[in-house]
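This is the structure, below, for whatever I ask next.
Read from first to last, the chains carry the letters A, B, C, D, E and F; within each, the first residue is number 1.
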Amino acid sequence: EPLLTPYAGYDVGVADEYDTNVGEIITDARDAAEADVGIVGIPFDTACVAGPRGSRLGPKAVRDELTHGTCYNPGLDVDISRGIDVVDYGDVDVDQTDVLAAHGRVEQALTAITADGVVPVSIGGDHSLTYPTAKAMMNAVDGDVGVINIDAHHDVRHSHGGELSSGTPFRRLLEDDADQLAGENFVELGLSGWHNSKYYVDWVRDIGAEIVTARDVHQDGTEHAVERALDAATDGTAAVFVSVDIDVLDAGSAPGTCAPSPGGLHTHQLLELVYQLGRHDLIRGFDLHEVAPPLDADGVTAKAGAAVVTQFLGARRASQ
Amino acid sequence: EPLLTPYAGYDVGVADEYDTNVGEIITDARDAAEADVGIVGIPFDTACVAGPRGSRLGPKAVRDELTHGTCYNPGLDVDISRGIDVVDYGDVDVDQTDVLAAHGRVEQALTAITADGVVPVSIGGDHSLTYPTAKAMMNAVDGDVGVINIDAHHDVRHSHGGELSSGTPFRRLLEDDADQLAGENFVELGLSGWHNSKYYVDWVRDIGAEIVTARDVHQDGTEHAVERALDAATDGTAAVFVSVDIDVLDAGSAPGTCAPSPGGLHTHQLLELVYQLGRHDLIRGFDLHEVAPPLDADGVTAKAGAAVVTQFLGARRASQ
Amino acid sequence: EPLLTPYAGYDVGVADEYDTNVGEIITDARDAAEADVGIVGIPFDTACVAGPRGSRLGPKAVRDELTHGTCYNPGLDVDISRGIDVVDYGDVDVDQTDVLAAHGRVEQALTAITADGVVPVSIGGDHSLTYPTAKAMMNAVDGDVGVINIDAHHDVRHSHGGELSSGTPFRRLLEDDADQLAGENFVELGLSGWHNSKYYVDWVRDIGAEIVTARDVHQDGTEHAVERALDAATDGTAAVFVSVDIDVLDAGSAPGTCAPSPGGLHTHQLLELVYQLGRHDLIRGFDLHEVAPPLDADGVTAKAGAAVVTQFLGARRASQ
Amino acid sequence: EPLLTPYAGYDVGVADEYDTNVGEIITDARDAAEADVGIVGIPFDTACVAGPRGSRLGPKAVRDELTHGTCYNPGLDVDISRGIDVVDYGDVDVDQTDVLAAHGRVEQALTAITADGVVPVSIGGDHSLTYPTAKAMMNAVDGDVGVINIDAHHDVRHSHGGELSSGTPFRRLLEDDADQLAGENFVELGLSGWHNSKYYVDWVRDIGAEIVTARDVHQDGTEHAVERALDAATDGTAAVFVSVDIDVLDAGSAPGTCAPSPGGLHTHQLLELVYQLGRHDLIRGFDLHEVAPPLDADGVTAKAGAAVVTQFLGARRASQ
Amino acid sequence: EPLLTPYAGYDVGVADEYDTNVGEIITDARDAAEADVGIVGIPFDTACVAGPRGSRLGPKAVRDELTHGTCYNPGLDVDISRGIDVVDYGDVDVDQTDVLAAHGRVEQALTAITADGVVPVSIGGDHSLTYPTAKAMMNAVDGDVGVINIDAHHDVRHSHGGELSSGTPFRRLLEDDADQLAGENFVELGLSGWHNSKYYVDWVRDIGAEIVTARDVHQDGTEHAVERALDAATDGTAAVFVSVDIDVLDAGSAPGTCAPSPGGLHTHQLLELVYQLGRHDLIRGFDLHEVAPPLDADGVTAKAGAAVVTQFLGARRASQ
Amino acid sequence: EPLLTPYAGYDVGVADEYDTNVGEIITDARDAAEADVGIVGIPFDTACVAGPRGSRLGPKAVRDELTHGTCYNPGLDVDISRGIDVVDYGDVDVDQTDVLAAHGRVEQALTAITADGVVPVSIGGDHSLTYPTAKAMMNAVDGDVGVINIDAHHDVRHSHGGELSSGTPFRRLLEDDADQLAGENFVELGLSGWHNSKYYVDWVRDIGAEIVTARDVHQDGTEHAVERALDAATDGTAAVFVSVDIDVLDAGSAPGTCAPSPGGLHTHQLLELVYQLGRHDLIRGFDLHEVAPPLDADGVTAKAGAAVVTQFLGARRASQ
């Protein structure tokens, strides 16, 4: 059975011949000779075990919003209508009731993509999926890697009552793949509120990870946060993975997610972080998770998710 | 047929005799001896051709919210219950299926109001309407004018597939009325995200317009933005028009609009811009567009729109 | 008839043995030997006379959200799972159609709690309730007190047409209890927008109160605001009460309230204020009002309210 | 202080000269020489003590929907654009925190209207208001009266914990005004679900009232229900009052109310009941309660409420 | 410029090899050798001049829901997975600001389709579009035609203030094309509530049309309604067009439309009507209008619309 | 680890001493000497593999609504405040990522309850859970059983791509437990729309099951449906299980579910079916599934679910 189901739904809307819609620059991966960046959907939210699910519909909603955008960002003065090849590999075809099997298929699909020299942009889905998305990068690169988790939460749980969950991906990476991912190269960026536990922050500190909280960003700005994150993630590493959990945003800007965060980052701050981190030469993988359309009023969370994805495309364009 | 339908619905709510509600200071234009500022509704969204419509209901929703407000702003220490005469001219009675005819009637109604020395505050409606609202100011004043577009988008399209649209007003003004509006006196303030095109920013730059992006505002503050905008818009001009597209706000603060902007301005930043710009002596026209009640959750977008309108009244009061 | 109805609904959700949920640290007051902080619900919104009611359901919604949180805040590096004893007294059992009787029962219940050396955290309910919640603190302490109102509104009305309302609590305190609360020890923090009246700000100034507007916070930061508020509220006083009206937040972050405030505080700013003020040694009472679940989209306002309450618990923990 | 605040907001929308909008036939009562029917708003929901409030905003929402309708009903072949004089008296200006005072003012205002030979159509508001609206009819007529309560609930409570509430109006009428309203002339029409108590149905039966449940209507049809209701209500009476609680409808058709009823009446059944009952010669009063706009999705409950009111106008037209 | 934009978005969801999803049986018209029925989207709501627009997004939403359905209806015992060829022609590419031009392109596209022997199923869009969709059938057939309008409204207006609108299509057909469509062959089925005018019903009666109201359907059942409708529409005609305005449904079942109808038809009644009418041999055209996704809560209106379309496919299957 | 987590949240609301709230008659199972009926929550929606999840939150939402109800139904003249002992066992504590393990724990918990002579009322959760809930009844009784599935769907899938799902429970029961459940004793009641497949109906017919569609109910009434269902389910059986999938309701009355059904049953019809079936002497088990609060507007689906549960309690009361 093929790993991937092609996505054929990019809708370029009402045409203005002087615009290039993002939908127009995204090619079906099967038709593309080469690619810089490759979008992959992962419609899976089974490992969201503690709040309302819904991110299984994230890939469709984010792509729907993505396609309406255009290719130029005036704040960045970056134009992605040329100079970057973007493809879409469709969705990973996953079982909905077997977390490990789903992770296995994601890892397999993304390892192949990364090995081809393409930077995958995975759109989930629950955050458990960063285990296979980041693992795929590790499989494809030689040497140590850095991982930056932009998230309101640690996500280094042992488990929820014995289960893998959306709270466990980074511990799995740090423990199971410790030869490639050292604690010192792991960054928690955006932790906020009262959703975390002392036990876990102690462990994160023990392994030497860098912690930059949402409060740090509010007080010291995004530039300082980027510097701290890159210092840690790039120290002696051959590749860096950036993972975005949309719940890092303030609840008012991202209500449509399993665990919204009052007091989280502003959307413009997150976009700045994604742009500054995404431009780094070592970036080899990126994912966005936890956009949950059934929980979203007015689609603002899906719109924010699409902005994050396009911003990352802009960052890659700017890095070239 | 009369151009205007009177508006009789200001509801002053539960009375506190020590309050003055905004609804209480707005007089029916037919009953007023004189006026400083005149509210005009334009229930028209036909030129919104590329996303969901809804701003036709904007004038009613913004007025409904407006009427609940009171006349004092503690941050500004400004009281509009005295020292400024505000009237309401009702709605321009427009055809819903003929864009040019509607624009013609808007231009005619507002030219007369402006010529009377009143500063019109038009509440739309789709952003195509800034062609006739700004044109009316040009008709009524001698000499060059400046225009400041506070918007996430350029709105200098040639057209959407041959049609006038909410994306075309400023090109029409800059091309058709170039004798009164020079590119150097045009300001794009608040551009953000991935909703614009390189082709159009190149044109905006070519004509010498000033561009202050949302990112500029987030990084350098509102004061600097105001300074840049006024420097350009007032340079050799006899009058300045300020246009606000509510989609300049962050999507979380203004979801109820055709094209919400993740990462846009905070509401307090927009209000600061409106206050600082609105106080300038040369201001002769103002409009607010794209509040679309059917797309709005909890009415927050209409509330933001009403705050923008009242803030402008406060600015006019402060300028006197 | 007993004053209080016990609350038995804390739901600790899916267990992770390394987490401590906030629901787990809150003990039924009847079972607790001692307490530092005591939660009290006040399901009453009758004095909300001028907009949509709904805050009667606030205590339930805020507690529901509260229980999902965990005990550690990475931005503050504070852990409330130990070092602080938190109890829940249940809801004050109030009549829904008699404002004075309801206030009387609230005052009676909270006076007893405060006299026991517990800091009550009252969750309302409409803001009229700060009359009895603050009065209870005055009853229980000797000497002068300070009161800090974190609110978009003055709430020093004479009345709405002769009635006590959610707009009258602070005038009642300042006039009826002037021997304990001097104008100089009263702080209005967060006033914004066009919801207030010149007549009332003049009175607030006349009595010598400190006014720190939302615009001040946006321009000068939270630290400066805290300093100004504490300077006033602690000047010669024996105890300080902090009251939070959730409508002090920007409408996009707190739509679910009677009178949302476009341009109000960001949630992270409010949380910072609560933390810095809540740590002060003189704090003897705290309340949160105006979370109105029927008006809330996606529950973001209830989540913000729960974050405020937990933040205050964190502040108390940090002060010990 | 005047009892009534005029209502000036009927909006006749886009004109079609061959239509007569309902808004066009409703005259301000102050300007009308005579009237058959008089609309009165009662913005009061304080006696809703056990669920979410919101019906205070019912009069505005129902009138807003009413005004969009036109004057002809093809199913009934009735045209209200002629042959009936409809006026609007505005809203009764009531205190929001004193139930008895509010009831007193409602009774006073409606007694005068009824005494003038006008049939009042009161739009509330919580159902407690049927005490004064029906009492006003009793005041104005000589002789016994019948009352038909179209409602999912008995509303014959003693009280909720000692308070008058939206559950008490009919006991008050039946006990306090027993000389004019006999149990045998009282009809409960539409009782459904699990929202009532054996204790109260026993009392209703004891006093000899007629009970026609929603299940009876579903099984036997509206015609039979009307016959039973009229037989009881008109037996020896000089006037009949019909009261509609919108929660008699199925929850899917009227979600925007304090206590929705799964399995309640279909809207077309309610409209049929209103039409058949409303045509009776003895009808001297009518009210509609419990439309709660803040609880309403898509405005369907307000639309249903407006349809009920217009249907009653149609019934009065048909009776003439 | 091509008339049609292909639609490539049918999403067959999670596969069960024993199911056939509706999305699987719909072929791109360009790839199909022959067809019985052809779906055509018309994303156009400009002629909705009097209420909130939104049906421009109807084709996308209805197709999205359609694709999730399967091919068997147990109530009808009809299976559309074989025995009927269904194609999709994509959307008619229309100008959004020129009603007549849009109608012209729709008429041109559908005339060609009908002439090919395919029964078009047009999904709009506002109801003005039935002028070109029915006109196309007239163009393609010789002889008289019948038209059945399943709608809460007459839609035989002269105009709204001089404009073509969603209220005018049937008068245009009856007047402009009177040689092919006699009043006696026109049926108004489902008229309800207070949204129509005596002036128009008089005209409808004058021309001899058949009127079957929603009240008739509620009282006499769908079978009788179908009989009356077919008797009129097939009397001496060579072809029959059936048009469905989703607002014929009760507002609780179809809130997402410009003008919801409290008391309208139940969904099961509409589906029965569509099935019984759609099986008739003379049916040569069908359309569905006024599904307005931005006005829809929970997508129930789009789901109802998709059910109507699939029901019609079932009717065509059953007729073969 | 204990199978069950106690539920302590029944909230009896504002007290009227003459009412008995449903929350008051439900005892914690640990405190009860004996019971007729036992409520069990199953917060599990993992086997919902093809649409949006959300029913994991069903047990909480249905219980919240349940508790507000009172004990008397006037249509049925049944009072559950006496004559029936109802307990609550809390929620089955299930793993969220392992369907078979979750089913095993449900089966174990419910087998014990049924063996104690209690009729379990399980509130899910996705419909896969009827495998263990019905299996538990089979475990506890000797002899053949009947099963009545009140559902818009067959739910006799082999699987979705190899997985157990909410579409598979009845095939599992019919195949794996064929010695106790014969096809002739299985009833599909309420099938509707275009959500099923010919392949599956053929299998259902082959095994001799009884099929009563929603269309049958609309045409022939509930009484006939009940007769057909009981004839089949009780023929030679020792016990009967009734399962309700809330999606059997019309989409307008139950939007908050994974797969809403336009044209499904009216709520009053479903309640009638539950009452007539639930009174039968052979009933030994009942469940309600697919109420998905995150997908629900205004809570109408949860309210319908609570009405179904209470109706079943009424049926049990009536049978005694």
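Everything below uses one rule, namely that a contact is a pair of C-beta atoms (placed from the backbone, for glycine too) under 8 Å apart; a residue touches a chain by one contact, two chains touch by 3 or more.
Bear in mind the structure is a predicted one, so any value in this text is a computation, not a measurement.
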Chain D on chain E, rotation in degrees - Cα superposition, rounded to nearest 5: 120
Candidate from C-D, A-C or B-E with the same interface as B-C, over half of contact pairs in common: A-C
For chain A paired with chain F, centre-to-centre distance based on mean C-alpha positions, whole Å: 40
Gap in Å, rounded to a whole number, between the CA centres of chain F and chain E: 37
Euclidean distance of C-alpha centroids - chain A vs chain D, Å: 56
Numbers and ranges of chain D residues touching at least 2 other chains: 14, 49, 96, 160-161, 250, 252-253, 266, 295, 297
Interfacial residue positions of chain D with respect to chain C in the complex: 45-47, 49, 52-54, 56-57, 95-99, 160-165, 293-295
Contacting residues of chain C [partner chain A, same complex]: 13-16, 18-20, 22, 68-77, 79, 81, 250, 252-254, 266-268, 270-272, 297-300, 303-304, 306-307, 310-311, 314
Contacting residues of chain E [partner chain D, same complex]: 49-51, 154, 157-161, 167, 188, 191-201, 211, 213-216, 218, 250-253, 255-256, 260, 262-264, 266, 295-297
